[in-house]
Amino acid sequence: MGNYNILMTTKRIETLVDGVFAIAMTLLVLSLNVPQLTYPTTDFAIINSFFAMFHQFFIYFMSFILLALFWRINHTQFYFIKKVNQTLLWINIIWLSLIALIPFSTNLVGCYGYLKVPIIFFDLNLFFIGVLFSLNWYYANKKNLLDKNANKKMVKSRNKTGLALPSLALVAIALTFISPEWSSLVYFTLFFIKG
Amino acid sequence: MGNYNILMTTKRIETLVDGVFAIAMTLLVLSLNVPQLTYPTTDFAIINSFFAMFHQFFIYFMSFILLALFWRINHTQFYFIKKVNQTLLWINIIWLSLIALIPFSTNLVGCYGYLKVPIIFFDLNLFFIGVLFSLNWYYANKKNLLDKNANKKMVKSRNKTGLALPSLALVAIALTFISPEWSSLVYFTLFFIKG
Amino acid sequence: MGNYNILMTTKRIETLVDGVFAIAMTLLVLSLNVPQLTYPTTDFAIINSFFAMFHQFFIYFMSFILLALFWRINHTQFYFIKKVNQTLLWINIIWLSLIALIPFSTNLVGCYGYLKVPIIFFDLNLFFIGVLFSLNWYYANKKNLLDKNANKKMVKSRNKTGLALPSLALVAIALTFISPEWSSLVYFTLFFIKG
Amino acid sequence: MGNYNILMTTKRIETLVDGVFAIAMTLLVLSLNVPQLTYPTTDFAIINSFFAMFHQFFIYFMSFILLALFWRINHTQFYFIKKVNQTLLWINIIWLSLIALIPFSTNLVGCYGYLKVPIIFFDLNLFFIGVLFSLNWYYANKKNLLDKNANKKMVKSRNKTGLALPSLALVAIALTFISPEWSSLVYFTLFFIKG
């Protein structure tokens, strides 16, 4: 029913992607719960709640920046991808469903940051996002959906760096057993990987 | 007041449609409730809550993918629809109000997946979405709002496949009386219908 | 600071308007609360909650359709408005803040539909939206921001029809004293006013 | 990984910015909580809750208008910024994460408007938004990312006015010690600063 066989232009997908990202990034704020204190309360009690929320603020900013990074990588990929077929469309849809899941994972980590399982859930979420990034690029290259001016060396180099996110997610899972709360800091090394 | 008699270009509607879809898809995540466990809790308790949420995760991904499919069908339709009159506009608005209802239906099924009525509500939601899809296409064809290059054979073939979603929704309702929780799996046959 | 004196193109505002509308329309769904029943519950209990929610569903669809109508009127206005100055920008921003308030008003009416004050609040919300519609058009015409091809007769005729929404809101307020729950039906006459 | 070294066109960022703003502005409405009164309640009780919510309504409209102002300033900046490099991209992303935080700050002030700390949190949020505005402009100018037609006098003048928001935020913090609830009124002077 949706299988009508035309190659979509990439523009449509990019609009949907931009929309989902803008919303997912803004929904992250809902993981910050205004402290519920009984009336009347004091400035001191509020400051105390803020300290208790410190990890939540950290997770909010980290997730926001990770989402921005993924949005950036997606744009770089679609700078070279010129055509979209059914399979590539659905790779991107499933990838988007994992992006839209990030506010849930973030919220989970915000509530139970002192446990291992919620952090591992968050890490697995990022792991599969990374896998689908690689799949997207690998498939687009294999099916000749890339711009002809994208030279082979660059494509190969991106193939390699595409493994960075899944690998880091696995490292983060390992680090969970040492320090669950700060294991996610490992993702910031993404900024230093040239691609 | 809104009836000023100009044919709108389809671009405007597509922007609104893309926006509503991006938001509805991202709002689905709100149907996944972070388990509320009293502090301090254990990893074991979290894993247990995840198992209890298994059906909710299934429904989340299924609704996400169905919405993406509807978005795709809408784009294929508007690939051929070149002009929009008042009636077509309102067919699409009512259709959109049913799309925006999906997060509610999904949430309902997520909470009461073991009952029949919530699933039937979800199925009816999809049934009417399907009916409005068909109506949109049928009306656009009847009023000559389609691209002139859309050949008759294709239009007829799409008329037929347009009945797939409403029919499947009725099948899903019937299956509800056998297994409410998994009756929705029938919608995945949509991917195998050529159109 | 924001007063840098360039005429904005209307495109920017239209993007923001489209975004706010898509979100406000989709957020309406949050006014539909999944009934909270203790586990395990029955299909019969769910059906009963649906009957109790009947007015909420009515309000959901009505607000959705009213927002779509306002979006349509805004587009018709900006079909003729070709330039935007500071004042027109802020008229539209304040108008948007009232549009974004609709999910709150809708929610309020959904919760307390049997009372007068919430309905009057909802009606006043629409009243001021209508007033700002008229102000937008009146100001754009006065300051020569309209397209030169917009003929005078059409502008005057729209000036008159622009009073339809505020007038209807006042009628709806009066009807509140007879039947609060259904007084809003009066807004559907908007569809029969030529403009 | 995201560091692929191409200059992005500004269009992409603007789309994301527009999306985040539209959503943040519309999410503000969630800071207005429908009063929870036990059934059946009276019109009189609703009116009383409205009076108690007066400060919340004030904060809603003020935050909405401030966000619109920031959106406007961002557009004016990007009217002159013609190219975006990695650093400028991340300045804007961090700035966006502070914009997306506004619904939280607003909600906080709405709940605890009678205390100092929540207001200071809100003021600091605006302070850093202002600092990043200035940084954005200063950096774009330093790295020659501005349009060549932007004359030096204008750039310098904007450098100065860019300090208005951070300064006002500091004034607002000082005023908090006199009247926490109304100290934010000082931000309205932003409308009278020529830039």
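For clarity, chains are labelled A, B, C and D in written order, and residue numbers in each chain start from 1.
Simple rule for what comes next: a residue touches a chain if its C-beta (ideal position, glycine included) is under 8 Å from a C-beta of that chain, and two chains touch if they have at least 3 such contacts.
Given the structure is predicted, the values throughout are model-derived calculations rather than measurements.
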item	value
Angle of rotation relating chain A to chain B [CA atoms, steps of 5 degrees]	90
Chain whose average C-alpha position is farthest from chain D's own	B
Residue-number overlap at the chain B/chain C interface, same or different (half cut)	different
Distance between chain centroids, defined by C-alpha means - chain C, chain D (Å)	25
Geometric centre distance via CA averages, chain D-chain B, whole Å	35
Set of chain B residues in contact with two or more other chains	18-19, 22-23, 27
List of chain B residues in touch with chain C within their complex	1-4, 6, 8, 12, 15-16, 18-20, 22-24, 27, 89-90, 93-94, 96-97, 100-101, 103-104, 107-108, 111-112, 114-118, 121
Partner chain D, residues of chain A touching it in the complex	18-19, 21-23, 25-29, 32, 34, 37, 40-43, 46-47, 50, 60-61, 64-65, 68-69, 71-73, 75-76, 79, 158, 161-162, 164-165, 190-191, 193-195
